[in-house]
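Structure first, then comments.
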Amino acid sequence: MTNQTLILIQCRDAVGLVALIANTVAGHRLNIVTMREYVDEAANRFYVRIVCAGKAKSSEQLAEDLTHALPEGAIVTVNPPQQKKLAVLVTKEHHCLGDIIIRHFFDTLGAEICCVVGNYDDLSTFTKRFNIPFHHVSHEGKSKEQFEAEIADTLELYQPDYVVLAKFMRVLSPEFVIRYPGRIINIHHSFLPAFIGANPYKQAHARGVKLIGATAHFVTNDLDEGPIIAQDIKPVNHSHTVKDMIRAGKEVEKSVLSKALALIIEDRVIITGNKTVVFE
Amino acid sequence: MTNQTLILIQCRDAVGLVALIANTVAGHRLNIVTMREYVDEAANRFYVRIVCAGKAKSSEQLAEDLTHALPEGAIVTVNPPQQKKLAVLVTKEHHCLGDIIIRHFFDTLGAEICCVVGNYDDLSTFTKRFNIPFHHVSHEGKSKEQFEAEIADTLELYQPDYVVLAKFMRVLSPEFVIRYPGRIINIHHSFLPAFIGANPYKQAHARGVKLIGATAHFVTNDLDEGPIIAQDIKPVNHSHTVKDMIRAGKEVEKSVLSKALALIIEDRVIITGNKTVVFE
Amino acid sequence: MTNQTLILIQCRDAVGLVALIANTVAGHRLNIVTMREYVDEAANRFYVRIVCAGKAKSSEQLAEDLTHALPEGAIVTVNPPQQKKLAVLVTKEHHCLGDIIIRHFFDTLGAEICCVVGNYDDLSTFTKRFNIPFHHVSHEGKSKEQFEAEIADTLELYQPDYVVLAKFMRVLSPEFVIRYPGRIINIHHSFLPAFIGANPYKQAHARGVKLIGATAHFVTNDLDEGPIIAQDIKPVNHSHTVKDMIRAGKEVEKSVLSKALALIIEDRVIITGNKTVVFE
Amino acid sequence: MTNQTLILIQCRDAVGLVALIANTVAGHRLNIVTMREYVDEAANRFYVRIVCAGKAKSSEQLAEDLTHALPEGAIVTVNPPQQKKLAVLVTKEHHCLGDIIIRHFFDTLGAEICCVVGNYDDLSTFTKRFNIPFHHVSHEGKSKEQFEAEIADTLELYQPDYVVLAKFMRVLSPEFVIRYPGRIINIHHSFLPAFIGANPYKQAHARGVKLIGATAHFVTNDLDEGPIIAQDIKPVNHSHTVKDMIRAGKEVEKSVLSKALALIIEDRVIITGNKTVVFE
């Protein structure tokens, strides 16, 4: 994106917004290459992602001009920081972390992993092998408040743009979540139908499901709720044991989380209400 | 399958079953071309589907010999009836019925549609265009008992092998379901996550799901429960309206039901406990 | 789309096009709800599809104003005819025709099937059952020129917007194709890898492919070339016979052609060079 | 598989083979849990994969008894070595190697990576980080014969069960391939349609393909031919640049190669003629 200008805007919907924006952009002598726009009619809210050929002389001036032209309350971002910082929270499972770290190592993630925090230290050796700081913050013998305060303190050292729950198996409190509004990403398996309660894979196996799915989403209050970013499935059949289904679930969790992160890192995901707009 | 012998067996699991079966089959001078076998270890139950090259001289004798060789209680089927009869129950939606009838018309369904029964008569004209009997059995002004008794009486005329709920929007009572054990097939949309309550598509849209799924299953007691036969999904995105999502749901319902019926018609589906074994 | 205005534009790319367009639209007091835009940099060409809330007072005036504002040679369409007319060319295979006609019958195709033309009359009975004209134009004992002239004469009676080759097994000459530039749609199976020569399914089976695909595309000169509109695949495995693979191929051809037609009927497909832009 | 016995058999087809095998297995007091069988009728060849509950007292005796019972020339394997050794050949691209090594590190590959050989040393640092030997065998300034002799000498040190071409960009000679019959696995991208010649991604982009595929296969003579093990696709669209399509291709290559390796490592893949039987 070295010779491009990326513009993200959201505001209250109104007639003529595209004209206002396009005029302002044209005034800066930038040519719009791609424009993806969405109006959430239920929320009366307007979203646009614009890629222009050419670098804006001054991103600040362009942002200021756009803000001035648009309805009050417009949120305008011109050329968001390209090297985003991700903090990754883990427990013991490695499949998602492994995939993210390999991409990081080979410079295809498009973001920096500033730290990994685990409530167990099982993944410490692996993480350090890539010169990424690993912090072991145990939850044992601590109140949830204290545990989360320690995690927050650790994250504070790195000022991450996003917090990625890469199979972090502790439920976070609303108090913690509110610190990173729209910036915590979670991944979990999903089934058709959903299985409530303990050991969903065992239930899925007993019911003979033919698909195992995974959902990547932003975390709001409930760990498994919040705006969905990406979903996918893998086929399974009766010959799969519970263990095989878990393995299939891990494969799909890994690929869905990677896809969701790529979309976020490229500034293609916008939250509106309890859903996302994904300008893929 | 004109020059083949199809054998389906289920029984209590034991050491040496395959040998017993294979010896009996070899004794009838039949060559096993494909053999799919599954042991449900939780249920200690053995299932096998065998295709032999060549027609058995006597299907009855082969079935008798197999039954004699196997543990007590074995269920043996040799060359099940190839032209199965399907009764289709509908309400107003046409997408599933249309697909089934076209396949029937062009002789690619592999089964006969003996009748269509609708609690509305919206699909009557279409059905009759293909010379298939259509029975309008309204539920209005009747108790569920009476309504279901009328449907049962109608079906009685045709003695269907399977009852297909092709978007039949009335919940059937356990008393009705028990008349056709393992022989009623339903199709419904599915979501990741599941949305409980009214208007699931509206909920799915508000939540911004990225996939719409469908599940074909046998009906046991609960309309949306029972052993799953086939599942699939279609991708959707934020630009899809509720209406678009409903349309995507219909497409996937249609193709999943067709797939499930093809599997059943070819005797590839076996129910074990609350799941299916599908020898695809 | 009863209360919306659809605008399609293509022209030479230049700085400020979006601004020009948006200003003109705003001048007509229309609010842009969705805007999908694409610049083919290789061809220096600009494409946009705009949906506005509200009906334009005068589509003609809006089109004229847009044309006037844009670079010379711009192609502007405001509210293209919604009820497009499709002529369907067939040979003997019914799977694609069946699906299209059912959608037509239940009014979910979004277009009118004005006629079906077959070089065999196998599909005549089926077509007429739906009160759609069927013309049998045999190729036997005729030069290609004469055969195509007869088809062209038949189509002339109906003035179709699009000609759909729904498993029409005759190769059309460039002279025929040129009569319907960008308006002939074909469907064919595809393999990974491609199999050249006779009986590709037999080759695919011998090679043990794990996927069968289908491609819907516009016809240019070569029957199996031209801009791709939609593609999909179905999994197969070693236990599938050649016949099973053909069946799988038909299923995927049917669904891919339907998808391609839906996109075209909703004016979501634009041809640029030898490829399509699909504003899905 | 600690308490199971795995049996793989292939031989000339004949009536009664399953009976012979099942009797022999029953004679060893083993209970058949899963049996997957396939007859390649064109080749008149019989293949079976059997999983028995319980460990055979003597694998050798069981293999001997089976061989004795079966037609001459039968190939019988009882409990093949579970810890297979893989040698991985690479050039510069890391996506496939990275995925394999991570699985190796976390012990989910099911096999040992005995060495990595690269004709460039770009992936040396990464490989050694996991304590896996990396050999740089340059092709520069050498005849193909000499280059391949050096690779063969290197592999000789490790006696690998399989040679994995994880984006190894040199075409191997038939003389090299013959050293590892049915034991060299390759991965490459695939398109619908196929694009012959240089820069297939550029061609695919110019043609506007909607799918990017990948094929994992055994290497016979031609690098891109040989029995197919696994295939999959990823959707792309007009907004993807050539670079985006290459990225999508890498994702699908990575996941298809991993799937193929898992199948091979679990002894689920059998070569028959120019195709595979995959007992998934």
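For clarity, chains are labelled A, B, C and D in written order, and residue numbers in each chain start from 1.
One rule holds in what follows: contacts are C-beta pairs under 8 Å (C-beta built on N, C-alpha and C of every residue); 3 or more make two chains touch, one makes a residue touch a chain.
Which protein is which chain? UniProt says A, B, C, D = Formyltetrahydrofolate deformylase.
This structure is a prediction, so every number in the text was calculated from the model and none was measured.
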| item | value |
| --- | --- |
| Cα superposition of chain C on its sequence copy chain D - rotation in ° rounded to nearest 5 | 180 |
| Chain whose average C-alpha position is farthest from chain A's own | B |
| Pair exhibiting more inter-chain C-beta contacts, B-C or A-C | A-C |
| Separation of chain A from chain B, taking each centre as the mean of its C-alpha atoms, in whole Å | 40 |
| Cα-centroid distance, chain A relative to chain C, in whole angstrom | 37 |
| Interface hub residues of chain B, defined as touching at least two other chains | 34, 38, 239, 280 |
| Parts of chain B lying in touch with chain D, wherever the complex brings them together | 13-23, 25-26, 29-39, 41, 235 |
| Residue numbers on chain D that touch chain C, as the complex places them | 38, 42, 190-194, 205-211, 213, 215, 224, 227-233, 237-239, 273-278, 280 |
| Complex contact set, residues of chain C against chain B | 34, 94-95, 98-99, 102, 105-106, 108, 126, 129-130, 239, 247, 251, 255, 280 |
